[in-house]
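What follows is subunit A paired twice: with subunit B in the first complex and subunit C in the second.
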Partner chain A sequence: MSRLRLPRPILAFPAIGWLLIFFVAPVLLVLWFSFGYKPGVFQTHANDKLSFDRYAEALNPTFFTTFWNTLWVGVAGTLLCLIIAFPVAYWMAAKIPSRYRGLLIALVMVPYWTNFLVRTIGWQIILAPHGWLSAALNWLGLIDGSLDILYTRSAVLLGVVYNYLPLMILPLYVAFDRVSQDMREASKDLGAGRIATLLRVTIPLAMPGIIVGTLLVYIPLMGDYITATVLGGAKGNMAGVLVASQFQTAQNWALGSAMAVLLILLILVSAALAGLIIWLLLLPFNRSRRLVIGVAK
Partner chain B sequence: MTTTSGAIAVEKRPDEPAGTVVLDSVTKIFGESTAVDNISLRVEPGEFLSLLGPSGCGKTTTLRMLAGFETPNSGSIRISGEDVLGIPPYKRNVNTVFQAYALFPHLSVAENVAYGLQQKKVPKAEVREKVVSALEMVKMRSFADRKPTQLSGGQQQRIALARALVNQPAVLLLDEPLGALDRQLREEMQLELKLLQSQLGITFIFVTHDQGEALSMSDRIAIMREGKIEQLADAETIYSSPTSAYVAGFIGQQNFFEGTLNKDGNLENSGGKIRAAIPLSAQTGTAVRAAIRPEDITIDSKEPGPQINAISGSLVSISHLGETLQYLVDVGGGHTVLARRPRPGAPRLELKSKVWCTWTPESVLMFHAHEESPGSHDSPEE
Partner chain C sequence: MTSSGAIAAPRKNRKPLNLVEAGLGVWGVIVFIFLFAPIVVIFIYSFNSGRLLTSWDGFGFQGYEAMIAKPAVTSSVWVSLRAGVLSSVLATLLGTLAGVAMARRPGKWVIWFSALLLFVAITPEIVDAVSLLPWLVFLGQDLGLGIFNDGIVRLVVGQSLFSTAVVTYIVRSRLVGLNENLEEASADLYASPTKTFWKITLPLAMPAVLAGALLSFTLGLDNTIVASFVQVSGTTPWPVYVLSAVRSGLRPDIASMSVVMLVLTLGAIGLVVVVLKKAGDSATQIARTLAG
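On to the complex of A and B.
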């Protein structure tokens, strides 16, 4: 009675295959296109002559402005998500009776199930210069005249924070949930107050989740073009919009690819740099707490 | 504990020196259930006190109130003569050894032990010195730079102990710290804990549901039941003169006999009579329960002379408990009697043969029957 037994790792192959075909291959293709050129009005790309010319073309002043704008929205949006999600996730994981947690997670997730575009267009209505929010703020006397926020960087920031918040709350919630109450009580028992417990026990133990949440928000946010298109207009332009317009409107795949590669590099370098800066800032703090005893003499 | 400013100088009681713990009519209610019900207790400095009881008796809640993790609904708690109500855990001069140790997994063993000292801003060199001596005290010096996750349960337990004791608290609270260890290690740690406690002179308040643990280590034991202290005494008193059938059944094993009090002050039921040396002062006809410890029962194949405290039955099993032999006798009517004799000189008996169990009136404890016993030891087959 012998049956054919496949090796267990076979279960990982579909996912690896999927990533190879639909992630690695397109990225390599984009990289390849970026060294080519647009040969004529009706062709999108050609690669018979290879050069870095498209990169030179991409790095024009408009592009730099847009990149700077993208980086600003990306960093500010991610930080805002982190600041907003942190207390929410902590409260859900540590303070709320467990029977309400499912409901709260559902409340966080349900808006996320609604179409991304529809949700973003919804903000257009709210933020309209003479919309109801404008009227309400006028009535309260907080502003005078029309609400001038739509089609600005602030509107984009508002939109991305709204759109990506669940992606921050969920990993943070899971991370805080795994820091048991025992840990916090042990810390307090040993003389650490609330802040010290947060800094020395809760945050270090939740760090993997904080990093995951930050990357999960930062990376798609940097490449987002829907929010920027719908709420940003000309003033709130983002790099994703530029890339999309090269592919879709200008039909210049070579230039679009070069911009996409630059955007990928910007995301990688900025994320690595942010990690390095935070590590360096925490170094003195961590050093002062380190205690190595070594072997007995 | 040091008071920071004269403005809120805490009134200290001269009759409660450092290490004294006083609970005064403390009650804690969770929702609809009363976890701790009007408990009053005084623990002397350097005393080893155990809170013993089944789960849900309020022993852990009592400990958590001392640590500052729970606030009583009424009553007051004083540690070293100072009222600690409203004082958060991090400002109390007590430390806890948690049930699951609660060691910080992201810190090394040494950093775990240093945690409390670092919070108090103790100079670095002094921290190092104290950490090393605390680790030496629990024989874990060579594990200082490992992560707690690389240690066994027993080793983690020692680190948890060192992490608490390094702060030199007035009172150490232990929440079933030996529960997760295997039997041999647990017995070893019991001896070490007791030794440490007598060397350091720190007040230990030890929560456990294991009567053996409580008996072997404590100066005094508080037996708790449904949020109340049933009896508070030293191990010998609790073992030999329990004040209720509950305490009698909780500490050690008992043979229980139910019956009614006859006019001579003896228990009488369909099987016969049981006489206690100290009769229960109650009306004739009261439902009573007699308790006799297995080690107080003599077992023999010969019929004894005319005496009241004897019962015959068929020998069901003999089990070897190391230093003693344990006999289980079926006395009919679904009842069994458990007898235990020291191995040297224990009678050689045939299984299924007829045997006689006898005991002296001095070994009989008589209680009112309405006090039900915990864990139902009246059928000692377990």
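On to the complex of A and C.
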């Protein structure tokens, strides 16, 4: 009886409290710092005068270049992940005998569970100007001389596609796994070709997985710090590195906080915008499909 | 002739299909090679006998010897192990209780709590890092809570957030899949709620709790970004040591250490898979659990 009088989430209270203290409160503190300023060389922040000046200061040309760069790498990287992962996930879910699927999933997991930084250092070795890849490409006659990709935006793009690819393959695999063979065969029996089945049965049914995968890749990718640090050098800078440098080297917490807030806004706004655009583009298709169902009834 | 023609005819029909399948297979193999390329390279270069990691000199075990000989390396691994175990214990405790509450005491609060967990899980690590650093400094210095100046405590706090979300999610999905009959029977037989929790709910959730604990441990071992911000000099975990080596110059012992840590991580993950398989999960369910 006494059980009923206890608040229902009581067992979750420790976790809720912990996350409020060490997740919500710190983020709010950063928001608060972003309205402050850096009073002197040896102090990191002060909040006795509140203003939007740090945001104005943050929005300088270097910042815009870096943010544009981040957005470019974020969008291109996510699209590349989707394009690369889509056939692989489909292959794993639809073409591989089920007893080997577990093994392949485990193989996708190995890079995912290898330390992020270590994987990226692996690419630093591969992409070195006189490294293996350089030698191989020279031998094939594709390039002449050293490979000049390390410490450029292309190297960062390659690095992020590599680093976040498992996060795209796994949700897509789960989504395709749910679209059973029966569904595709039914579509075929009803006269749909391969492409029609793919576009009208498999992809719409796998859509939740595609959206999850895209967000799982896009959001952390936009905040990436490690890949850009290891492979980017000065030319391949991303917003995460810029924010970090304000906290670690410049010791300007006020400006760094404003940049962090702007980065979060950029991620949220761009993801929402992309969602809106895709929704608008698909609107005519959704309408026609509804119409067909209506007639059939 | 006729019989071979009869066999050839359906084959001809399937030919475009086979081409697509072959293409998918080739693409799959290429992507797997891509996924393993840097890991294989790190493994090979961990046997580089040269002074610099990136330029191959010859085969040797000098990297592994240097790794054991350098106190900075061994102590960073030791720091990571301690922080990993402690953050795993903490996250498992918080996450198990929260997961049980979500599965067995549903209500409007679950929506709000799920939203909070989602935010914790998807916030880019760099944002967690830059917000935790000022917060821990505020707690430790401005409020005078000395415990937050301790290196291990800071690492544990930083690692516990994401891990708590992961454990909560795993425990919740395990219990949601099992109906409440046993717990109701236990209550009908006059067991107190506490006794029911210990004797029925917790054993039912155990595979998920163990899997969550091991996953938290590996997440803790790998924590790089948050750790590099909140760490105190003297308690540097191994990924932060590697990150500082990226800036000052990479040596083969970095690769050797990475290989050792990878073997440790994969051992823990292998255990997770065994635990989940024993509990009757399919390969797809395991994949979903491990991918968070």
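List of remarks:
The working rule: the second predicted complex is superposed on the first by the 270 of 297 C-alpha atoms of A that agree within 3 Å, B and C clash if a C-alpha of one lies under 4 Å from a C-alpha of the other, contacts with A are read in each partner's own complex, and residues count from 1 in each chain.
Assume a contact is a pair of C-beta atoms (placed from the backbone, for glycine too) under 8 Å apart; a residue touches a chain by one contact, two chains touch by 3 or more.
The shown structure was predicted, so the numbers you read here are calculated from the model rather than taken from an experiment.
In the superposed model, A:G193 lies in contact with subunit B only, and not with subunit C. Between subunit B and subunit C, C contacts the larger number of subunit A residues.
In the superposed model, A:D182 lies in contact with subunit B only, and not with subunit C. When the two structures are aligned on the shared chain, A:I203 is found in touch with neither subunit B nor subunit C. Of the two partner chains placed around the shared chain by superposition, neither subunit B nor subunit C is touched by A:L71. When the two structures are aligned on the shared chain, A:A46 is found in touch with neither subunit B nor subunit C. For subunit B in complex with subunit A, the touching residues are 67-69, 88-91, 94-96, 98, 100, 102-106, 108, 110-111, 114-116, 118-120, 127-128, 131-132, 135, 141-142, 144-145, 163-164, 167. Of all residues in subunit A, those touching subunit B in their complex are 180, 182-183, 185-193, 196, 200-201, 204-205, 289-296. Across the complex, subunit A is touched by residues 17, 20-21, 23-25, 27-28, 31-32, 34-39, 41-42, 45, 53-55, 93-95, 97-98, 100-102, 105-107, 109-110, 113, 116-117, 119-120, 122-135, 138, 157, 160-161, 164, 168, 193, 218, 221-222, 224-225, 229, 239, 242-243, 246, 250, 254-255, 258, 261-262, 265-266, 269, 273, 283-284, 286-288, 290-291 of subunit C. Subunit A makes touch with subunit C in their complex at residues 3, 8-12, 14-16, 18-19, 22-27, 29-30, 33, 44-45, 84-85, 87-88, 90-92, 95, 98, 101-102, 104-126, 128, 130-132, 162, 165-167, 170-171, 173-174, 177, 194, 215-216, 219-220, 222-226, 229-230, 240, 243-244, 247-248, 253, 256-257, 260, 263-264, 267.
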